[in-house]
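What follows is a short report on a single structure.
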Amino acid sequence: MKSIIEIKIRGYHIDHFNHVNNARYLEFLEDGRWEYSEKNDLIKNFHKKGISHVAVNININYRKSSFQGQVLKIETSVIKKGRSSVTMLQKVFLNSTDTLIADAEVTNVFIDAKTGNLISIDEELMSVWPDLAEIKN
Amino acid sequence: MKSIIEIKIRGYHIDHFNHVNNARYLEFLEDGRWEYSEKNDLIKNFHKKGISHVAVNININYRKSSFQGQVLKIETSVIKKGRSSVTMLQKVFLNSTDTLIADAEVTNVFIDAKTGNLISIDEELMSVWPDLAEIKN
Amino acid sequence: MKSIIEIKIRGYHIDHFNHVNNARYLEFLEDGRWEYSEKNDLIKNFHKKGISHVAVNININYRKSSFQGQVLKIETSVIKKGRSSVTMLQKVFLNSTDTLIADAEVTNVFIDAKTGNLISIDEELMSVWPDLAEIKN
Amino acid sequence: MKSIIEIKIRGYHIDHFNHVNNARYLEFLEDGRWEYSEKNDLIKNFHKKGISHVAVNININYRKSSFQGQVLKIETSVIKKGRSSVTMLQKVFLNSTDTLIADAEVTNVFIDAKTGNLISIDEELMSVWPDLAEIKN
């Protein structure tokens, strides 16, 4: 289930170029992924199964600048699964206009918290993550 | 001319997963690009010509975790030029071992600071940026 | 008029000691002061009068740790006025319990945006800032 | 033994007001205290004795703005000891001029990492921290 959060841009998000700094968008995206995980009950389920995860790639396009006082809307969904990786798509819109400010693909792998071994994207993982089951490869 | 900086990892760089946070690497990379710009006299020359620049894409691979107390080495060089874009390669090594922690391609476009129009990667731009002139397309 | 905001603690707010980092609380407080300014129409009124402001002192007590997943509530009010300074009190509570996590006094001075000179806390300033008028010296 | 570090101000340290953001100074100060701890062998000694520490108060004066491209020098020393607290003085200078940009007193308490109980500032603690022994009460 896609998740949506809103973030209001404050003075400390802004940098020398007078717009939101590149690195701050990655914090906004992290906020979006935590929200997605909570909304889809992933944290509880992963914890129960001893699954940890880690981002291995973030590919972000900066399309427009955003500024102090504006509100951003961050949409997070799952778009791809590999043998042992899942890619999330995150879109950052300017709230009042639906102008696309940035979009990113974030690829995660899943790890057995005890052994550190990669976990395959299998039926068991999909059973606690319906969005994943719906993706065709 | 390739630039190199070192950054010591401190407690505030670390996140909930006990390693350096994804967004912090983008700050480290920004540090690296400022150093590259200073070492290659780009800031002064761009300012003189009324050129501004903006990152349009960052594609970063997170390969290994890094931890409080470690020293990272960030190498920055130019690897690609397009009609109106330049891509920099940035590699983050664990200083003491040359283990690759992360690597990123950062694509910038250049803008006429007055008109906001894109600037082509032409002879004039290359004349103040020898690394750029050396790249074969 | 006192303002209140809520902030959900995410993984990137956490540091090496596994709690919210000291510096992050100052970002939360800044969020709280922007909200106060908006709620009390200060930004618009200050801009109209050519008034800028700057924090000259922050005195923060860290009373309890806070952790990933918790929600913080930040209350902001005005408590003191000097000849040319205003002190705001900001309290950070753990939302679900009203446990005090941190509290801070933030002292600002006001500046004529053109001349850079200090502005006295006079009738004119108080006319656009009722909370200030109510404080007894 | 007083410690000194230098930090170069980059674009991401700057905020909406075009100077280094208030919260960023607290990161710079944390950098300074880690350096002090390393220089005075505190980390190793505290770890050996099972001592943890936590900041309970930071009182910072912002005296001048600092800007992108400048180099700051942060000096850290110990100035006060209480029954179970130690206060460090940190001064932030503009490197090239010795202009004072900010100064802060940071008060820490020390904790038994196992029991969570406060540790008194006693002979044993002072034996591994000569600066502390030299402070008269």
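The chains carry the letters A, B, C and D, assigned in the order they are written, with residues numbered from 1 in each.
As a convention for this text, a residue touches a chain if its C-beta (ideal position, glycine included) is under 8 Å from a C-beta of that chain, and two chains touch if they have at least 3 such contacts.
Because the structure is predicted, anything quoted here is derived from the model rather than measured.
Visitor: From chain C, which chain is the farthest off, judged by mean CA positions?
Guide: Ranked by distance of C-alpha centres from chain C, the top chain is B.
Visitor: So which has more C-beta pairs touching, B-D or B-C?
Guide: B-C
Visitor: From the mean C-alpha coordinate of chain A to that of chain B, what's the distance rounded to whole Å?
Guide: Between these chains, centre-to-centre, one finds 24 Å.
Visitor: Indicate the whole-number Å distance between the mean C-alpha point of chain B and the mean C-alpha point of chain C.
Guide: 35
Visitor: Take the average of all CA coordinates in chain B, do the same for chain D, and state the distance between these two points in whole angstrom.
Guide: 30
Visitor: Note the residues in chain C that touch 2 or more other chains, in rising order.
Guide: 10-12, 17, 21-23, 27, 30
Visitor: Mind pulling up the chain D residues that touch chain A in the complex?
Guide: Listed in rising order, the residues are 10-18, 21-23, 68.
Visitor: Where on chain D is chain C touching in the complex?
Guide: Going by the criterion above, the answer is residues 17, 21-24, 26-27, 30, 54-63, 65.
Visitor: Of all residues in chain C, which touch chain A in the complex?
Guide: On the chain C side, the touching residues are 8, 10-12, 27, 30-31, 34.
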